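Chain nomenclature is as follows: A, B and C, assigned in order of appearance, with residue numbering initiated at 1 for each chain independently.
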Amino acid sequence: MNLTLKIWRQANAQATGSMETYPIENVSPDMSFLEMMDVLNEQLIQQGIDPVAFDHDCREGICGMCSMFINGEAHGPDRLVTTCQLHMRKFKDGDTITIEPFRAKAFPVVKDLAVDRSAFDRVQHAGGFVSVNTSGNTQDANAIPIEKHDADRAFDAATCIGCGACVATCKNASAMLFVSAKVSQYALLPQGKVEATDRVLNMVKQMDEEGFGNCTNTGACEVECPKGISLENIARMNREYLSASLKV
Amino acid sequence: MIPSSIARKVAMALSGLFLVVFLGQHFTINLTSVFSRSVFNELSHFMGTNPLVQFILQPILIFGVVFHFVMGFVLELQNRAARNNKYSTYKGSANANWMSRNMILSGAVVLSFLGLHFYDFWLPEMNYKYIEVLPEDPNRYYEELVHKFVSPVRVGLYTLSFVFLALHLLHGFGSSFQSMGLNNKYTPAIKTFTKIYAIAIPVGFVFIALFHHLNAF
Amino acid sequence: MATLDSKIPKGPLSDKWTNHKSRINLVSPANKRLIDVIVVGTGLAGASASATLAELGYNVKTFCFQDSPRRAHSIAAQGGINAAKNYQGDGDSTYRLFYDTIKGGDYRSREANVHRLAEVSANIIDQCVAQGVPFARDYGGLLDNRSFGGVLVSRTFYAKGQTGQQLLLGAYSAMNRQIGRGKIKMYNRHEMMDLVVVDGKARGIIARNLVTGELERHGAHAVVIASGGYGNVFFLSTNAMGSNVSAAWKIHKKGAHFANPCFTQIHPTCIPVSGDHQSKLTLMSESLRNDGRIWVPKKLEDAQAIREGKLKPTDLAEEDRDYYLERRYPAFGNLVPRDVASRAAKERCDAGFGVNKTGEAVYLDFASAIIRYGKEQAHVKGLDENDMQLVKKLGQDVVRSKYGNLFQMYEKIVDQNPYETPMMIYPAVHYTMGGVWVDYNLMTAIPGCYAIGEANFSDHGANRLGASALMQGLADGYFVLPYTIGDYLSDDIRTGSINTDTPEFEAAEKDVQKQLEAFINNKGTHSVDYYHKKLGKIMWNKCGMSRNGKELKEAMKEIKELREDFYKNVNVPGGLHEFNEQLAKAGRVADFLELGELFAKDALERTESCGGHFREESQTPEGEALRDDENFTFVSAWEYQGEPAKAKLHKEALNYEEIEVKTRSYK
């Protein structure tokens, strides 16, 4: 396959970036998208052009590091995959592919396609935990049975990989799906209930301070989420937030 | 205005739901004009003169409308600011429907319609009752209504506005439940109901307009 | 000069840890505030250690090269975590877990460490559940277990196919709590460039901010290396792209011993290489071998036709298939341990029976499992067991419910439907049992420098059992290191904060600066990846699943030459003071190019076959691995002497007090 790539280039956070065009030849349909980017970078290095910076690590769809906005969609046109699991067979010979970083005020560009998602970390510092010491003196794991439906729902929320596709794809750059997945996981488990009130208030406060937009329930995040995190989590967080607000 | 994003969202949902309820009530009264001139006049007279409606409910309604619109615009500005650098390619249609992505547009159309509507009905009404203080005629309402639907341009604008209202409601009504934290196994049923409502009520308004327009000749 | 004292406490095996914990020195809460600890790496071991050390009151500085600690490669572990809870009442115990681990490691691990691991395993589960880790549960609301890796009990706790992510998020959440309290200072996108040793003690590190390129000095009273394994020395592995040996290698060059570098686990069920562009390999959970049958064509011409796309595997008659594991190991069949299954696949492919374009793949076939389950379901539901269409559909549903996510992943990558046509798999480098040598306290040969998790030579001997890596990482981080480190730090309560304005820090920073500048100014002809790929080829071909003296010697020579060529001709674009991934990678590959040589040297020295290390010279007449207990029951700990080839061997003898050393057989 021969393709034309239009890629966002930006030297650093302060620089103004622009879209640059690079042709690429002999792309195998069996390549993953990131392997295609590897080939491009090898080619750019040979030509004396600075290779394109992009985040990636596990390349098996679980670390959440890869973060490309491809042809107008987070992680590209395939569903339930991250960029590293998107394969070139989803494209056609002669296609032009636009590649941009995940864009949001809360995700400033580091360089080219790499962005700073530490806002997600800070939201979790505000309350994404159960306050239990790792002393090894906790009660036996089976001391609190947990209803299977709740356990399963908590697990489904916990599958979030923190990639930020929800923010990138939301027309408002809202982080509600991410934050609600974290809030839900703990809200559904007895271990997390004790701190539920403060957790949701603090995490939402931090989320707002980071400059994410407001949720308008378009549902785009759910569609683009590589792990299929459900909008139900957002509703649950709204509920948790309302009852917490009434309490304190 | 309201410090937390979720509180803002809930406020939007509540004010929206309030307006949806009002819309239903407005429609019910309007619909009577199709069947009975006297019932319509009677109801309109009641609504126009009852002090509870005039001095309690009407200000609440106006506040609801103003709040919903102002908040809508505030949210839109905040949301735009949350992505200071725009994408060069953004395929919104791939993951969300047109209605949900264009609430500000459909809302603005409905707002301009409300301007027309106020100009047509509410301002003359206020003028009639509270400025010129003309004597109340319990039978004037039907004539006024029919009179307004003579002009085809106005009926056209009216129809267009209700198309946008339907689009606005198709997302907004169902979405308000999600905002207030309701998403469970009843959600599909609620969604279906809100969609029917979102289409039926505007279609009903348009029907009433066309009915009077066609009967005027 | 460092000596090899493993510091195993005296007394009966089962009391060693308890007694040791009661007797070691402690640091009082008031004094912990005065002590700084650096942790490098935020996988299960690093994240759990950071959280616990901070909880105890130490000031912790934690470093990771990723953009968030949550992305460390522990996240990718699929299967589960072992713990001797005996919730299933099937006779599990601390002793049994200890025994299975020693045996699985082919009697090349340290007995006292493994017993401690088994002892604290149960605590890990309690801890994780308390933190809100959503383990799988049964309908009674209690924790569910599965059996794993051929052991005789069900002791593996799991969270669907992503146990690693859930455990790491648990440890990360514990870290978040401490970051919020200010007890952990987190340095994301920072890479450790070197260790700083002052008066023989580890006193800090030189780190590089990967965004700005600035070098930073960080002082501390102790340095903990939790940087994971070095599987990426093979270029292609199931490790993450960024996984590297650099932190471990830097401390090795400063005096820490590197133990058993040749002990590598090659996992049998990975998705095969599809072409030269391949950047990494994807693991498919070992659990697939419970239902999948592994085969290749019996006739060479059939294999040839399949490779050329003229023949479909489903067209091949039953008698033309060679179920080679069932043939060679009738007792264990497709469920032989990882090392045995991997070698058998390589043997068939080398003989010309490989089934994909590159000739390096075997089939993992679910057709008979689908029919078996389908008939069972049809029987249960009272339907026609002879309606093959129906049976197939019912069977596929059962397989989907068990392995659905893995099948989907396979389909995304390979673009073939594994419900209809057999999967193709091939072994891939997965885990490294070898690593930095540590004593019972997890301290390396450098006082004050610790190594935990996969980074140390660990508790797995020559072969790791499934679901044990997660256990070891968390055991080290939550329950071992935080206590043993106090014994060392108790001498440091009056030291005061470490001054980084000293000649030692100065010199270390300069060395780093010099290397970085050399890379940038080299302006050579080949990219960093060019060398990494070449190194990977040498490693895979000559230090891979089976090894021999001749090729290992060649490998050592070739790696040395490649390294020299690398320093002469590598091309690193960009500048020093910017986000420069190629520069970061150049440093990592430089270290791999040294480690690779030591790896080959270690493999050359160990002329026995054991666990993942198979020496062709040491096999039984049937071609099975032949261990040499008389001459090799020891840990090879290598001391750096200026060049990998000159490394000096220290032997730590392995004494088994509680266990009788036996031969493994799977016939």
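Just so it is clear, contacts are C-beta pairs under 8 Å (C-beta built on N, C-alpha and C of every residue); 3 or more make two chains touch, one makes a residue touch a chain.
Keep in mind the model is a prediction, meaning the values are calculated, not measured.
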Maximum centroid distance from chain B, chain identifier (CA atoms): C
Two chains sharing the most contacts, counting C-beta pairs only: A-C
Central subunit by CA centre of mass proxy: A
Centre distance in Å when chain A and chain C are each reduced to the mean of their C-alpha atoms: 26
Whole-Å gap separating chain A and chain B, where each centre is the average of the chain's CA atoms: 37
Chain B-chain C separation of Cα centroids, rounded to whole Å: 62
For chain B, residues that touch 2 or more chains besides their own: none
In chain C, residues with contacts to at least two other chains: none
Chain C-touching residues of chain A, taken from the complex the two chains share: 11-12, 28, 30-32, 34-36, 38-39, 42, 45-46, 48, 50-51, 53, 55-65, 78, 81, 85, 87, 89, 110-111, 114, 116-118, 120-121, 124-136, 138-142, 144-148, 151, 154-155, 158-159, 161-162, 185-186, 189, 191-192
Parts of chain B lying in touch with chain A, wherever the complex brings them together: 3-10, 75, 78-79, 81-92, 94-97, 100-101, 103, 171, 175, 178-184
Touching residues (chain side chain C, partner chain A) in the complex: 48, 51-52, 55, 66-73, 75-76, 85, 87, 120, 123, 125-132, 134-143, 159-160, 162, 164-166, 169, 172-174, 176-177, 179-180, 186, 188-189, 211, 238, 240-242, 274-275, 277-280, 282-283, 409, 412-413, 415, 478-479, 527, 529, 571, 573-574, 578-579, 581-582
Contact footprint of chain B on chain A as seen in their complex: 6, 8, 19, 69, 71-73, 77, 98, 100, 103-106, 109, 169, 171-174, 176, 204-205, 207-208, 211-220, 223-224, 231-232, 234-242, 245
